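Below, subunit A partners subunit B and then partners subunit C, in two separate complexes.
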Partner chain A sequence: MKTAQISQNQLLLFLILYFYSTLIGFAAGHLIHLSQYDSVIVLWISGLVVWVYAYFTIKLANRRPNEFFVHYGKEIFPYWIHILVMGFYSLSFLHSSAFVLREYEDFIVQTYLSETPNWAVGGILGMVVAITARLGIKTLFRTAQGLFFLILIADLSNSIFIGKELKWDRWMAFITNHSGHGIFTGSYTVIPFLGEIFILVFIFPYLTQKSKTLKSVSWAIVLGILLITVNLVFLLLLFGPNLTNHLTYPMLEMVRYIRIADFIENLDPFLISIWSTTVYLKISIMFYLSVLILAQIFRLKDHRPLTFSLAAAMVALSLQMSGGTAALTSYYTKSWATYAYFVEGIPIVYLLMDTLKRFIKKRSAKKEEIS
Partner chain B sequence: MGIFSKPKKQQDSKSANTQEQVFLGENFDVRMKWFKDTFQKSDDITFHELTANQTRCGIVFLQCMVDQQLFDDQVLKYIVSPNFASSRKELFHKLLDLKSISTMCASILTDIREATDLVLDGKIIIFFEGDSRMLAIPLTSVEKRAVGETANENVIRGPREAFVEDIHTNITMIRRKIKSPDLKMEQLQIGKYTKTKVMIGYIEGLCKEELITEVKQRINQIDIDGVLGSSYLEECIDNFPLSPFPQSQKTERPDVAAASLLEGRVVIFVDGTPIPLLLPVTMYMFLQSAEDYYQRYFLSSFIRLLRYAYLVVSLLFPSFYIAITTFHPEMIPTTLLISVAASRDNVPFPGLVEAFIMEIAFEGLREAGIRTPKAIGQAIGILGALVIGQSAVQAGIVSAPMVIIVSLTGIASFIIPAYDFAFTIRLLRFPIMILAGSFGIFGLMIGCILIYIHVVNLHSFGVPYLSPTAPLRPNDLKDVFIRAPWWLMKRRPSFVGSSDSNRLTIKKSISEGDED
Partner chain C sequence: MIIIIILYFLFTVIYEWTYLKNKNRKKRTYWVVFCLMGISFSYCIVTVVFKHMPSPNDLIQFLFKPLQQKILGKVD
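Take a look at the complex of A and B:
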């Protein structure tokens, strides 16, 4: 497989969009429900924790920078355990992509296409995701690089136009209203969100200038959180924590507040479609990783034959995974975070095991030298 | 390799355009018979036999392509003159060894098949009894069109001349602009029957070696009956032949071709075509016009931004209208919504069908406008304006806003300078309209993403199609969305990867004190 195709700049821009996509679109309401005015503090605490986490995952990837995790993992854990773990990862990524796809299907159908069935939206977006995955990771990251500026402009114009609607006297609450419990529960949910940065372990051989990865990731965390913070603060200043908490898609409602010179009444379909591209990117990378890992487990030379069949599975899974938005939200609010800690913790276990093995090897080598 | 990329062919090391050589020795009759057999039933070929210095001499040429008067005066008169040579040996020595005739560029050959090809190329072949060598004299005289004004790529301020069909005239125009020995023109011959001359032009030192080799290799692999236009080659050397996007730039302007040579690109001239191909290409080049570099940068930048805006209009405007009227009426102000709804009230078709009727009618009108004889061209305009515009609205078949949308889209597509790229955008409008009619803005987004990922994946001779935005090269952005002033564009675009990236240095003026 051809490696070294993604520049550090592409990685940086991709990660910013990756953080921004669903956290803003689908999770903002829940975060504000948990942490209220502490959401900003929660974001930055989570950023810090995730930076430490990223440091260790990059350390693991850096030990064998030109090899894929699926390939070198068997040197760390016994072969069958590793294969099972990788199989689990492939399924987990497929599930994640299907989950985000389902969230998006529900969102679009409820908001704009009330008479369109979920399968139609899922099918067409699934097809685009499959084509993207088929074209490979280089296309995916280049796509993100091009879309970044469009999304940034859309987000900034959103922020500028919404400015006059905000209730600025609420700002005091950011200083006065704090709750330790809110910060803890909020951070518990946001850390695994940002912790999805562990996908780096799987795509590390594709990166160029690998030594700069931590720097890119650090910038991505800072800039990504900055972008999210601005949006969250605006949400809190516009609706306040209680109303935000009761809205299914608070960002959508915020965008709907925009009025430009009494000409454009509602910009939301336009801005939402631009934001949708970030969701598409997130689904695509998750799906691509699922396909890539499966191809690597079966030692296929090319991942492409698997894309369309797995995409069909992803769409089917997205349609069947829950009875409705309520069940989906309940999974997200109650179980997802803990499950995500488990998934994201595995690379750390690999790192520990690898370090232990190296340590034992060194010690035995020393002993042999002495004897 | 993507869905639209070319399946890899087995590379044949032997060039597709080589043919076996034939040597027939010193015998005069055998060679004359070969020519007569080869050119039998070709009454435009002249076979002439004469004796010069007691030596039989054969002359073969294509009547309509040779300046006979010049041949008589400069060659024949001397050969038959008894003063020219006293013996057969001296005749051969003077003619074939020293080539002492007053015509330049005469060549000597022994391969009779090559001689046949040269006859067809307008050369005069002279051969003698007793010597296997033949003399090929280039006294070609062909009717050709004079250099005229550009027909399609017009500019307000800038050179007016355009390429013509004759390859030599075209190359002269380039040589007049780039007076450097580093400008190379390598000739190839393509086409089993047409034997068309193809010239690959590049500037040594600015153009990447790999690019030149790749272009030559791809052209050499083509084994085709005939090449009657550069498009024949274009489609054969494309990386992604199934893609609707053009992967090489075409121009009729020598200044554009010269500018692209100076950027380190390759220009392919094909004899008989006034439009050479420029390689490699990025999408943004199709939105640049020669005018941009002749006007001041403020104006050029504004016009260029306008072009991008109209590119979006050309691709998305009808789809956007369909999406809004069908799915998102809340996006437009109430008063506008009411007037749109009122005008659509009598129309029996849904927005999508209405848009399709109008778009297809417009495309038909456009095509008819190009193909109709000039004398009745005006009628098309009248028919179009009355029937498609006014009457269709009055009859309640289409709504007035739709006529406005289609007209604006039509104008928008003509603002894009490159015809083939504009056409691609016009074509892609239709599937997006279907998506917008089915899924609203979400469908529009899906359509755009599909086009976008395809374009991201495209590349022309190794250069990504969306370069310098994806992959991002900030230094090359000076000539993409805006046209930066010349004094800022000091470096050549890096995508061609030339070793000499420096393009401009401005020495500090001596009279810096002239500030007041």
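Take a look at the complex of A and C:
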């Protein structure tokens, strides 16, 4: 497989959108429900924890910078254990892509296309994702690079237009209202969102100037969180924490508050353009990784012949995974975070094992030298 | 719905067969690609026929919900 295709600039822009996509679109209400005015503190604490986590995942990837994790992992753990773990990762990425797809289906069907069945929305987006994944990772990152500034402009326009509607006297609550438990539960939920940065372990050989990866990731975390913070603060200033956590899509309601010069009354398309593109990018990378890992497990020359058949499975899984939005929300609020810690913790176990093996090897080599 | 799935997979079989043939891939690649396609096809059909089949979400909730409740307490 051809490596070194993604520049550090592309990585930076992609990661900002990757952090922003689902956290602000589908999880903002729940985060505000847990942490209220502490949401801003929660975001920055989570950013710090994820930076430390990213440091260790990059450290693991940097040990064999031009090899894929699926290939070198068997040097760290026994072959069959490693293959089982990689099989799990392939399924887990497929499940994650299906989960985000389902959130998007529910959003579109509930808000705009009430008579349209979920499978139609899922099928159309699924096909776009399959074609993107088939074209490869370079296409995906270039798409993100191209769309980044459009998304940024749309998001900043939203923020500027909503400015005059905000109730600025609420700002004092950011200083006075704090709860330790709220900060803890909020951080526990947000860390795995940002922790999805562990995909770097799988795509590391594709990066150019690998030594600058930590720098790009650090900037992506800072800028991504800054963008999310602006949106969350505006939500809190407009609706307050109690109303926000009762809204299914608070960002959508916020955009509906915008009135420009009494003749532009509906700016929904601004929001839809942001969400659709960021969610599409997130589903595409998750799906691409699922297919890539599977192709590498079976030692195929490229991943392309698997894309269309697995895309059908992704759409089927998105439709089958839950009976309705309530069940999906229950899954997300009551078990997803802990499951995500489990999935994201595996590369750290590999790093620990690799370090231990290297240490033992060094010690035995030293002993041999002395004797 | 089943007809749509069958038509989609018929298209995929023809498309991938042509792709693999043009690239002169080994017989093993054909086996892997079409076995995985078969699994995917079966899964799609099963989800249509058995609508209330347990999903991976149920398994994840079964395994991780008690642990999360212990760590965070009950969250509404």
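In the analysis below, the second predicted complex is superposed on the first by the 370 of 371 C-alpha atoms of A that agree within 3 Å, B and C clash if a C-alpha of one lies under 4 Å from a C-alpha of the other, contacts with A are read in each partner's own complex, and residues count from 1 in each chain.
Criterion: a contact is a pair of C-beta atoms (placed from the backbone, for glycine too) under 8 Å apart; a residue touches a chain by one contact, two chains touch by 3 or more.
Computed from a predicted structure; not experimentally measured.
Engineer: After lining up the shared chain so the two structures overlap, which partner does A:161 touch, if you call subunit B first and subunit C second: first, second, both or neither?
Structural biologist: Touch status of A:161: no partner.
Engineer: Identify the partner contact of A:34: answer first if only subunit B is touched, second if only subunit C is, both if each is, neither if none is.
Structural biologist: second
Engineer: Would you sort A:88 into first (subunit B), second (subunit C), both or neither based on which partner it touches?
Structural biologist: It touches nothing on subunit B or subunit C.
Engineer: So, does A:56 touch the first partner subunit B, the second partner subunit C, both, or neither?
Structural biologist: So A:56 meets neither subunit B nor subunit C here.
Engineer: Looking at A:174, would you say it contacts subunit B, subunit C, both, or neither? Reply first, second, both or neither.
Structural biologist: So A:174 meets neither subunit B nor subunit C here.
Engineer: Could you look at A:72 and tell me whether it touches subunit B, subunit C, both or neither (first, second, both, neither)?
Structural biologist: A:72 sits against neither subunit B nor subunit C.
Engineer: Taking the superposition on A as described, I'd like to know which of subunit B and subunit C A:44 touches: first, second, both or neither.
Structural biologist: Neither: A:44 stays clear of subunit B and subunit C.
Engineer: Once the shared chain is lined up, is A:219 touching subunit B (first), subunit C (second), both, or neither of them?
Structural biologist: In the superposed model, A:219 contacts neither subunit B nor subunit C.
Engineer: Across the two complexes, find the residues of subunit A that touch subunit B and also touch subunit C.
Structural biologist: none
Engineer: Can you list the residues on subunit A that touch subunit B in the complex?
Structural biologist: Per the stated touch rule, the residues are 7, 9-10, 108, 112-113, 116, 120-121, 124-125, 128, 131-132, 134-135, 139, 142-143, 145-147, 262-270, 272-274, 276-277, 280.
Engineer: Going by the contact rule at the top, pick out the subunit A residues touching subunit C in the complex.
Structural biologist: 33-34, 91, 95, 119, 184-185, 188, 294, 298, 300-301, 304-306, 308-310, 312-313, 316-317, 319-322, 327-328, 330-331, 333-339, 342
Engineer: Any idea which subunit B residues touch subunit A in the complex?
Structural biologist: Those in contact with subunit A are residues 2-3, 323, 327-328, 330-334, 439-446, 449-450, 452-453, 456-457, 464, 466, 469-472.
Engineer: Help me check something: in the complex, which residues belonging to subunit C touch subunit A?
Structural biologist: 1, 5, 8-9, 12, 15-16, 19-20, 23, 25, 29, 32-33, 36-37, 39-41, 43-44, 47, 51, 53, 55-57, 60-61, 63-65, 67-69, 71-73, 75-76
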